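The chains carry the letters A, B, C, D, E and F, assigned in the order they are written, with residues numbered from 1 in each.
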Amino acid sequence: MNRLYETENVSLAARAAVLSEALPYIRKFSGKTVVVKYGGNAMQSEDIKRAVISDIVLLSLVGVRAVVVHGGGPEISGVLSRMGKESRFVGGLRYTDGETMDVVQMVLAGKVGKDLCSLITEAGGKAVGLCGLDGAMITAVRRKEGEDCGLVGEIVRVDRELLDVALDAGYIPVVSTVAQGDDGVTAYNVNADTAAAEIAVSLGAEKLILLTDIRGLCRDPKDEETLIHSAELSEIPGLVKNGVVTGGMIPKVDCCVRAIRKGVGRVHILDGRIPHSILIEMLTNTGVGTMITP
Amino acid sequence: MNRLYETENVSLAARAAVLSEALPYIRKFSGKTVVVKYGGNAMQSEDIKRAVISDIVLLSLVGVRAVVVHGGGPEISGVLSRMGKESRFVGGLRYTDGETMDVVQMVLAGKVGKDLCSLITEAGGKAVGLCGLDGAMITAVRRKEGEDCGLVGEIVRVDRELLDVALDAGYIPVVSTVAQGDDGVTAYNVNADTAAAEIAVSLGAEKLILLTDIRGLCRDPKDEETLIHSAELSEIPGLVKNGVVTGGMIPKVDCCVRAIRKGVGRVHILDGRIPHSILIEMLTNTGVGTMITP
Amino acid sequence: MNRLYETENVSLAARAAVLSEALPYIRKFSGKTVVVKYGGNAMQSEDIKRAVISDIVLLSLVGVRAVVVHGGGPEISGVLSRMGKESRFVGGLRYTDGETMDVVQMVLAGKVGKDLCSLITEAGGKAVGLCGLDGAMITAVRRKEGEDCGLVGEIVRVDRELLDVALDAGYIPVVSTVAQGDDGVTAYNVNADTAAAEIAVSLGAEKLILLTDIRGLCRDPKDEETLIHSAELSEIPGLVKNGVVTGGMIPKVDCCVRAIRKGVGRVHILDGRIPHSILIEMLTNTGVGTMITP
Amino acid sequence: MNRLYETENVSLAARAAVLSEALPYIRKFSGKTVVVKYGGNAMQSEDIKRAVISDIVLLSLVGVRAVVVHGGGPEISGVLSRMGKESRFVGGLRYTDGETMDVVQMVLAGKVGKDLCSLITEAGGKAVGLCGLDGAMITAVRRKEGEDCGLVGEIVRVDRELLDVALDAGYIPVVSTVAQGDDGVTAYNVNADTAAAEIAVSLGAEKLILLTDIRGLCRDPKDEETLIHSAELSEIPGLVKNGVVTGGMIPKVDCCVRAIRKGVGRVHILDGRIPHSILIEMLTNTGVGTMITP
Amino acid sequence: MNRLYETENVSLAARAAVLSEALPYIRKFSGKTVVVKYGGNAMQSEDIKRAVISDIVLLSLVGVRAVVVHGGGPEISGVLSRMGKESRFVGGLRYTDGETMDVVQMVLAGKVGKDLCSLITEAGGKAVGLCGLDGAMITAVRRKEGEDCGLVGEIVRVDRELLDVALDAGYIPVVSTVAQGDDGVTAYNVNADTAAAEIAVSLGAEKLILLTDIRGLCRDPKDEETLIHSAELSEIPGLVKNGVVTGGMIPKVDCCVRAIRKGVGRVHILDGRIPHSILIEMLTNTGVGTMITP
Amino acid sequence: MNRLYETENVSLAARAAVLSEALPYIRKFSGKTVVVKYGGNAMQSEDIKRAVISDIVLLSLVGVRAVVVHGGGPEISGVLSRMGKESRFVGGLRYTDGETMDVVQMVLAGKVGKDLCSLITEAGGKAVGLCGLDGAMITAVRRKEGEDCGLVGEIVRVDRELLDVALDAGYIPVVSTVAQGDDGVTAYNVNADTAAAEIAVSLGAEKLILLTDIRGLCRDPKDEETLIHSAELSEIPGLVKNGVVTGGMIPKVDCCVRAIRKGVGRVHILDGRIPHSILIEMLTNTGVGTMITP
């Protein structure tokens, strides 16, 4: 297990307090489903990656049904560049021609996902690397809104069967965001935040956790001290209006809102750079990010 | 939940460390049986009593099959004295005539045990108060060695069936140390340490925890800093010879030795006066008492 | 097994007739729940006690889910008197101060109930001694109607879970009438007839059997030949009006009426002094007491 | 239910005694297998037939796994005679040519067996009429010893599967003694006592009951008062030598001996003419026939 | 296995085509119920009989829950004539006096049905010969319409329990068309087409297959080339009106119509004289008879 | 479903013969495990690929537990060449440096395997794309014998758990031959024939089918008419000695031999270029390739 801090220096009373606080949460979440969207900087540092994986494995040890949904933009760009092909983005989305789609599929489903499985094994867990082509788990159609981005898809259906098979057998599904076209042939590149949200919805997840590169939603985005620990769905429009949620956070927060509306219990926006932020958020009374509730 | 300390003052890193350390233990002990012998001073203070009960309930929440075996000497003496009957001890054991036996049975099985069930309910758990007469769970014969003590019994058989029924259904059995005579009629007063050990043996328990009024075994009994954290069975005779184990601790340690020999995984001698000593001993790397291993 | 009479003197034809008659009843009641309220004189004679226990064990052998609910007034008075404390009754109910409540709990849950378990074991059955504090099985509030009687409670809820756990595992629950206060702390003394009725209701029992010191309801209470074998619920008010039901029988019959109204199949008022009255009433065409039907 | 005698005239004490005695037997035999060979005079009187069927249905009601194996000599002879064909016997066995075999099969499997099923339905039970051709349940070869009797077979194998299917589903198998030849084509006529014994052996039956036209084995065959209630296997040779067992009883007793040797618990030779002899023998302390024990 | 043709002469491509076509049907029908009415000429030729039995056994091997309902007019007439009793028919139905009924029951349930079981065993399957008297499976009342035919019954109830018991255990029920009278005593002779239809209805069968002596329904009954492969329920009245369905086919088609109306999936009228017509109809795209659909 | 041939032209008799022959095989293989090594030319033609996939899906429809193990040399070479990296072979094995290994993993686990899953979905089946990194399914160490080939591994352990999870849930595992290093970090490139054999062994497979580019083993390799339909293990050394097995077939046949020795039931060497060769080999009496038996 990866631990950045030793418990020897923690007083008996503090240890007892942390444990007494955590056990009821463990019981509460045991058997429940938690979907973690994992990407961005939290995936680039080896130390942070190990801490994230450690948290997920630890939760699965105590019965949480954990699902990891990952991205992999930098890795895709790397392979494309080695092939002498430039990455091209349209409105923030990667333009995905057929050749690019092959690379997206190979890198995500063949490399990033399977390597995460390997890390989970090393940390004492069990994982299986899946994508939308496995058992037609994620079906998409070509994205219609906005400018044409090629084989970028919009999810139209998630079939939870294979996820349940894996979870019931104690495996952590590691899902790569490649979808099966509804023509049964074409593969599509889909957005990881959206995929995580749709998967959480289809599983009736207790929690959707988005690991990001920010502390959470802050009343003053420049001051982490103004972090909003918890917000109800009804407060979100006001936060957008007041400029608390801006830019790239808007589609992310939209994802959260849709997930909650479709039955996910809670969504957490966490700072992936804080080691063990998942454990702390889930198992202690005072969280470290922003929780959105119905 | 009873908590003597707030977690707010514990740093994120410390919390993460405590939790990361605890979760593998929780997984390890989930589904395993732990027998706690509860008596002495840890049963006289209301605060400590609540902390002990809280620990046991918390462990049961995360799947530990916890069994409580309790004594109740002071309560028995109290009722006897209210009846104008003096308590009489022979070689450390209560002389138990028929009238005394009735009081022992009433106080332990009717009052102390059932009140512990009530406290467990209050703490969020489920309990059932049993004694050796329930389903002939504990059978004893009249104690033969030493001076005659009346209806003091020696356990000859523990039938685990009823304990399993309760544990399988999620109940914490609270066992009063009254045994069924092998004539099917007489009831016997049995020693609580021995009863706990025999029950742990019959259940193939992972752990037997003796809550006592001392810190554990100390190389220099007057200096708690010399606490022996862990001792193998083979080291025990030396500890007795060297005077580390003396007086009333000798029969207790004998109990531990027999339990280990008959298959109990670990025995812990803990200081019942330290709040939450059970949680700390079971779920952190650095224990607070003495652990005896095979 | 306790038998007061040998079968040798019974003709083959008579034996065949009794058995042919009994087997369909045995099939009918196998797997069904029967709650027996056991108290009064039927509990004072050792012979009768053994015959009652024998009947209950025999029924449990052939699959009846039997529950015993017992009282113990004389035993409580005995212990109180040995403590130099006089029993005091208010309107037929024992005035129960805190000290008395402790004695009620100790005597019923610690002595009378557990001793019945011992007898059941001896007769070849399996039993477990429970009270309202076990798994918060019976919850009560302080009795509000009538004169103040101290800690005398009125049942507000019966939780059948623990009874089912015991019954499913083949144990006969022996229930002492001590209830958990709804504050989670106070214990209350509750009426045994009422407790038996409420338990029968919560279990959806096929039968509630009240063992009493009278033959049953008789049209002329002084003439047992006028015994009413069977009465419908609608006939009860007339029987009260006509003086068939009087005095202490009125609350008992009220209990029966409430039990039937809340779904219990049949209530039987039996003479506990007739040996094996339970077997005869349940397994032959011609009963020995009064059966009340919906 | 068929009852030849009313229980009204039986005293309460007698009823209690019969029931107290019977219930432990009922528990003991519940779930156990009892094979009844039914034939002879007990099958000719309608009253006796109803009493026998009633006993079997009653036992099945309380969980006994009852199997009926029947003969039907008189019925076979009747049909043959209506076809103008004379019955011919060789050494006590019916000479069975092909035409006769067709009649044996039709009468036993089509008429006598199915009619018994109908009676069992009427008595409140469930039955299914089987023979050795169903699921190749009984396999035979042509009888080799003694004079040639045509298609008379010797059983070489009983396959219990179909019997278990029926018993597990609560049906009473009614078995006609027609066997499948080991060539897969020919059908054989087999002896009913032997078939019952072989079936009892294959099922590991608790009891094999042979309903006969005699009271049982009597030391003086002319005096029923000398009935032998119970005999051990080792006593049988002596009984044959002393002329207690003679004539047609010798092959019957041989059957019993083989059944016991191959694991059947007890064999009972009962007088089929005594109404309800099965119930009395099985559920009371004092039997009415001869029991052979290992 | 009986095979009239070797596969050696079938090209690889043809074999692959037949198999590729068959496997989805096998999956579709596995676990589904198919009732086959078997009678007429298809029962008189030994070769055809073996081919029919082979088909049914093969289907049961791959998980089809097959039920056979058979007639046996010629066999009944044969036995009656050997008894010197003439068969008498009234409006196409056998006049069934008591003596005749005994013969009907004996021949169908004792001979024809059990012999089919024997053939099924020989072909590698498992079968059990049942009739309406087994477990009161088929209940009938005396036929009221038309001229009096004696003990000819009209089915009023089919109890599927025993059929399910047999099918669940992997046995093919072979049902003889003898019914239990609703008085619990009389047995009735019932029409086999009707019995098959009622059984199919009670089992919610996927298919009812009537093996007949004609090719199917033909637009020009004299020209098999005009075979109607498939007809919807709504087309049937037209077919009767146009003389496509005439004479003895009218009641048969009525049976089919009722079966479909009461929930049977498909009814097939097949030519029992074509070897393996059942396999070909069920497992290839181009059937050989007429299929009636809802 | 893909079908290269219509059944219309196949005579009824031929269809019946093929089906009668196939059904017992279907029953025999239902629930059994068949591992198909799929590679070479059979993977390059789209038509053949669809026929192979169709066969596997059809078998899985009738209950065969099918596992596909695939290679993908040409696809790997293609991506390497697009990266400007030349493929290099050492003694027939691809020299695999770290960069090449990344490509091997991406192409096999991310592209070839997942695309096969997509095809299986299209053909009506369910599949999941796995590799040795999923649940540490295949563990390897660096290949020691022969010349150094970089990250080419030798399998030391196959963990069947994840395969069983997928198969039990009705999924066809499609396995890419990438193994987890026993250091828990490095990934290795492993030979597909060997991987298929080891997987078949770990699953106790009924059959291992190697799809190749030759007709099977032929006594005269130049004459397909000399095809050896079946060979026992003991005949193999002779075949090598006599030059029947030569060159690249030697390691393949070695694989087969090891698989049989370790418990696989049968190994088939089939010509992947014959459409539906798997169905024909498995479900007809006359196979199309060479079967090796113990």
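One rule holds in what follows: a residue touches a chain if its C-beta (ideal position, glycine included) is under 8 Å from a C-beta of that chain, and two chains touch if they have at least 3 such contacts.
Quantities reported herein were computed from a predicted structural model and do not represent experimental measurements.
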Of all other chains, the one whose Cα centre sits farthest from subunit B:
E
Scan B-C, A-B or D-E for the interface that duplicates E-F, counting it as a duplicate when over half of the contact pairs agree by residue number.
A-B
Using mean C-alpha positions as chain centres, tell me how far subunit A is from subunit F in Å, no decimals.
36
From the C-alpha centre of subunit C to that of subunit D, how far is it in Å?
45
CA centroids of subunit A and subunit C: separation to the nearest Å works out as 60
In whole angstrom, the CA-centroid distance of subunit C from subunit F equals 72
Chain touch graph shape: choose line, ring, star, complete or other and state it.
ring
Can you trace the ring for me, subunit A first, then subunit B, and on through the rest?
A, B, C, D, E, F
Please name which positions on subunit E make contact with subunit D in the complex.
79, 82-84, 102, 105-111, 114-115, 117-118, 121-122, 126-131, 133-136, 161-162, 165-166, 169, 171, 178, 180, 184-185, 187
Where on subunit C does subunit D make contact in their complex?
1-10, 12-24, 26-27, 30, 54-55, 58-59, 61-63, 124, 274-276, 279-280, 283-286, 288
